[in-house]
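For reference, the structure I am asking about is given below.
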Amino acid sequence: MAKIAASILACDLARLADEVKRVEEHVDMIHFDVMDGHFVPNISFGLPVLKALRKETKLPISVHLMITNPEDYIDRFIEEGADMVAIHYESTFHLHRLVHRVKDLGAQAFVAINPHTPINLLSEIITDVDGVLVMSVNPGFSGQRFIARSLEKIRNLRKMVKELGLETEIMVDGGVNEENASILVKNGATILVMGYGIFRNDNYVELIKSIKQEREESAD
Amino acid sequence: MAKIAASILACDLARLADEVKRVEEHVDMIHFDVMDGHFVPNISFGLPVLKALRKETKLPISVHLMITNPEDYIDRFIEEGADMVAIHYESTFHLHRLVHRVKDLGAQAFVAINPHTPINLLSEIITDVDGVLVMSVNPGFSGQRFIARSLEKIRNLRKMVKELGLETEIMVDGGVNEENASILVKNGATILVMGYGIFRNDNYVELIKSIKQEREESAD
Amino acid sequence: MAKIAASILACDLARLADEVKRVEEHVDMIHFDVMDGHFVPNISFGLPVLKALRKETKLPISVHLMITNPEDYIDRFIEEGADMVAIHYESTFHLHRLVHRVKDLGAQAFVAINPHTPINLLSEIITDVDGVLVMSVNPGFSGQRFIARSLEKIRNLRKMVKELGLETEIMVDGGVNEENASILVKNGATILVMGYGIFRNDNYVELIKSIKQEREESAD
Amino acid sequence: MAKIAASILACDLARLADEVKRVEEHVDMIHFDVMDGHFVPNISFGLPVLKALRKETKLPISVHLMITNPEDYIDRFIEEGADMVAIHYESTFHLHRLVHRVKDLGAQAFVAINPHTPINLLSEIITDVDGVLVMSVNPGFSGQRFIARSLEKIRNLRKMVKELGLETEIMVDGGVNEENASILVKNGATILVMGYGIFRNDNYVELIKSIKQEREESAD
Amino acid sequence: MAKIAASILACDLARLADEVKRVEEHVDMIHFDVMDGHFVPNISFGLPVLKALRKETKLPISVHLMITNPEDYIDRFIEEGADMVAIHYESTFHLHRLVHRVKDLGAQAFVAINPHTPINLLSEIITDVDGVLVMSVNPGFSGQRFIARSLEKIRNLRKMVKELGLETEIMVDGGVNEENASILVKNGATILVMGYGIFRNDNYVELIKSIKQEREESAD
Amino acid sequence: MAKIAASILACDLARLADEVKRVEEHVDMIHFDVMDGHFVPNISFGLPVLKALRKETKLPISVHLMITNPEDYIDRFIEEGADMVAIHYESTFHLHRLVHRVKDLGAQAFVAINPHTPINLLSEIITDVDGVLVMSVNPGFSGQRFIARSLEKIRNLRKMVKELGLETEIMVDGGVNEENASILVKNGATILVMGYGIFRNDNYVELIKSIKQEREESAD
């Protein structure tokens, strides 16, 4: 059954506690998009906001580091409450070291890849990570349209993971909605990140339910 | 009469709307500290948080850019509601251009200086700016202790401003509290940024009142 | 029939208008190599030179961005008249976004790859681009010798393109001359960039003719 | 008598040889603005253009390096024919070393300062340079308006130079035109950089004559 | 027979001459790890130390550049005595150019790859290099534990090299010790870098002997 | 009486222990020049060399950080044994923070200034530091010639220090020799860094003696 991560980038950020409370029982984790204005052309939020959020929920928090110097911030995001940290393949010379730093500090380590980055670049790191975060839009903004080609990337990634006998999570982030969620899960996505689809959608509870069901049907 | 800017870096960031509502009638503006994890060793918050904040208050919002690429973000912070933008002297080769960009977009332009930066570096830009933001702690974190030497810097800055016949605002940020507020105002500070002193202080209303009074007394 | 792009880096840059006029009727496009002194160890020319060139010719102009910050300059090069923009795989974290920015602005998007960059890195972007610019010398200077191994890269790229049922252009840049032009075309090159071979070669008209013919012969 | 430098950034860059020929007998030097797209938000022209220009004129060529890595390009610009090289104070940690490198290679060394940079920063380097290039607009584009405050900067610089008993040139670049040229010369400018005022002005010969005369009148 | 490189990062650096003398007759080359504090989080040693070392030994010296600007230092390390230079795939946009620069200056060129970097990225450069330096720990410190997965990488690399009919050296660096040396050689390693295993191991002579023997046994 | 710091950059680096032993009783401290190949065009030595050196001498070790990211290395150099750390004014946005970090860790904090940097930039930091390191050559290499103008800088610095009633050390580094040592001390230098003058000078003991004497004579 696919897990759902609610991305707070899309919620009313002046009422973070309320927004999280509102969706908490329906989702599996809170997704936290850190943008530094260098790796991506946007500055979102970081450590003090995570600290405040951490007090409001017991759900796991997945932190996606869209920053050019992840080596300087891994420890502190975990200290402030991250349960998972996603590091971009494109953002570091030392992916193996950073992935193991995350794990040594007790959090789950994901590697994130941009739309143009092929999965064959993951061959040496895939056995070390807990999951792969496939960006299905270009990182930097919420509310973008799903890049269709991502579906095949997810399918290929699932194949790679299965062939290696791994249980690596496949997290999909960007443009996930009622039209594509089901097909994503069928093709291998195990965690769907949703922002507008949850926080700006009156029917998000049904949407989540249907996603969770769909997955079971496709399980055979 | 000195103005008070409430720095939301010190408030409960999970309840930004409530926090701002709570203090709104007692302060003159909301202070918004943008940190990119490169200019300073912290990542705070940026555009989407400002957008959410803007809807909650009619107070002016002063945005302090602690980022290494201010030229890329001035337009967008003003678009999302900044009434004032402070740019660090240390962060750009083109201070004159950026200051005028802020002004051309209808906001007030401040230049911010770190504790080690002397005010004689401002001689060519002082006539162009609406104010100077004197950092009285090293930027990057809230809750630090006031650097005593800043008082003389403020005094010298006031002297420079007066000699030039200007009305440049002198904004002081860092470690401002009940013990030093009065003396700061007496020595030339026209805007005091306060974080903990407001958001984590039960007596902040009295404190603000006393600061505002003190200023008048010292006016002669 | 292969197209020929005349690279003005090799012409008499003090007489750009004349040089372009001279070769215009024999070539298919003008090639414009932008070097910023950071991505490559040379500074060539940029926006104001393109603007001047644009007035002199109706031929398409292909702009090759050898710069480390292509995201900041795509819009402006297209504004000044670029019909095609080539972005280096090595120069950006966000190739998918930049490629689509070029296309959204109405120009053709090419991805350029340095000699050491394998084509398997293009698997996720090949369906999005109009062409691939294969560097057959190390970028930065005109007048270098063709790297022999590029031929196999071109052959493999053609194979990739064909297998995907695409019509992606294969542009070859660096050391193209009368000795290798024919074999390049036979192996899949659809656009040949030539500098010295055109601007510093008395027989360039025959050379171009023979290249164009050669291609037809090898077409079956 | 003030010298006039004709800035080719404002000429028809497709006809550089003609443009230079046209103005050559009326001006004292050709000014060559190198922009790398990093120090300033524009990419202009560099080494191969200078090489082409060098063959067309015997006038001295002054090269203004608006680049972030001047240490990598000084030698090569002098090799291609620069008679003077201006390095920005803001662009290097090692101004003294670079200034002396320029001089050791037989060219004149100027230090350039942006509008917000005070001249008191030059106290340790002024005795080493042949001239100071005072930017009277923000560097990056031609055709901007003269920043009025530059006049006082020039006056103060002349005072500094005189007090030290030096003969340092004071070069002014940006927005120089018929309205301010005379007053600039009177206040200490010894070299005026003009672009539009020469290349896009039918009366530039008279303008230059009047500037040269004005200077003599003010000599007493 | 595998070659042994003694890494001086692990020796008593206050007695470099003595340390090298002590091991000289037992090893095939001296390994010299240059760290700039940017590519890796450590600053080790560079040009003046190499110059001093060069006078003390006739053994070949292999220089491993863990720096972000290898293009600026290749010439000088070869000038000071490097017989081999390893450049990180991750550290440059222009690997082909740098590899050939090393060779043009008469030294052997190796490409180094970090633990997470797959060998399929080497497909275009493998025919140009004298060897590949496989990092079997994350670069930056001596005394780390061998990353088990490296073994398969070495095996795959040997396969790639053999299939291409090449004689490329396979150098392994990081955590090499008596437990894994033999298996590394059997799987294709042709040069083993050892630090603690030599300089802080009383039985290093036997260890080296046994490694050299082991290789021969596995030769069939 | 002036103190003498022996700069090991000039010693036989293959025999560091011996070299230090040889001069130890004649000098007051050992000077350790860290160059990262980014702040200066040379890579010298760093942490593991300091660690080795620390075991060989009880003399204070002064570490001069010629690196662009001093914030990342202060703690570790002090951990490995630095008694003093000099940070370049030009190398950081946060000089006040770094100076106090050095002091909080129990070491002496110096600020270093390049030849072109005026001392008036120190007005806000001078009261916080233990000393100023005046570079009297451009940093990066040993064996350069003393820049004559440095003498006035030292004199002015002494004046500034005296006027403020401080006891700030004035350390001079670069080209110090028997011809200028005496005059430097007379004009305010309290610590002279010497490299070649000690390690490559047979009469260094007399030289040091005469310097120490000279100082006393000039004391009146």
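Read from first to last, the chains carry the letters A, B, C, D, E and F; within each, the first residue is number 1.
Definition applied: contacts are C-beta pairs under 8 Å (C-beta built on N, C-alpha and C of every residue); 3 or more make two chains touch, one makes a residue touch a chain.
Which protein is which chain? UniProt says A, B, C, D, E, F = Ribulose-phosphate 3-epimerase.
What you see is a predicted model; the values in this text were computed from it and never measured.
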Query = Which chains, if any, touch chain B and chain E both?
reply = A, F
Query = What is the shortest path, in steps, from chain D to chain E when you may only step between chains that touch?
reply = 2
Task = Take the average of all CA coordinates in chain A, do the same for chain F, and state the distance between these two points in whole angstrom.
result = 50
Averaged-CA centre spacing for the pair chain D and chain C, given as whole angstrom = 35
Message = Quick check on chain E: which residues sit in contact with 2+ other chains?
response = 41, 120-121
Task = Could you tell me which shape the graph of touching chains takes: line, ring, star, complete or other?
result = other
Task = Please give all chain pairs that are in touch with each other.
result = A-B, A-C, A-E, B-D, B-F, C-D, C-E, D-F, E-F
Inquiry  = Taking the touch rule as given, give the residues of chain A at its contact with chain C in the complex, in rising order.
reply    = 39-41, 88, 90-91, 114-118, 120-121, 138-140, 147, 149, 153
For the chain D and chain F complex, residues of the former touching the latter = 71, 93-97, 99, 120-121, 123-125, 127-128
Ask   = Once bound in the complex, which stretches of chain D touch chain C?
value = 9, 12-18, 20, 34-38, 41-49, 51-53, 55-56, 67-69, 72-73, 142
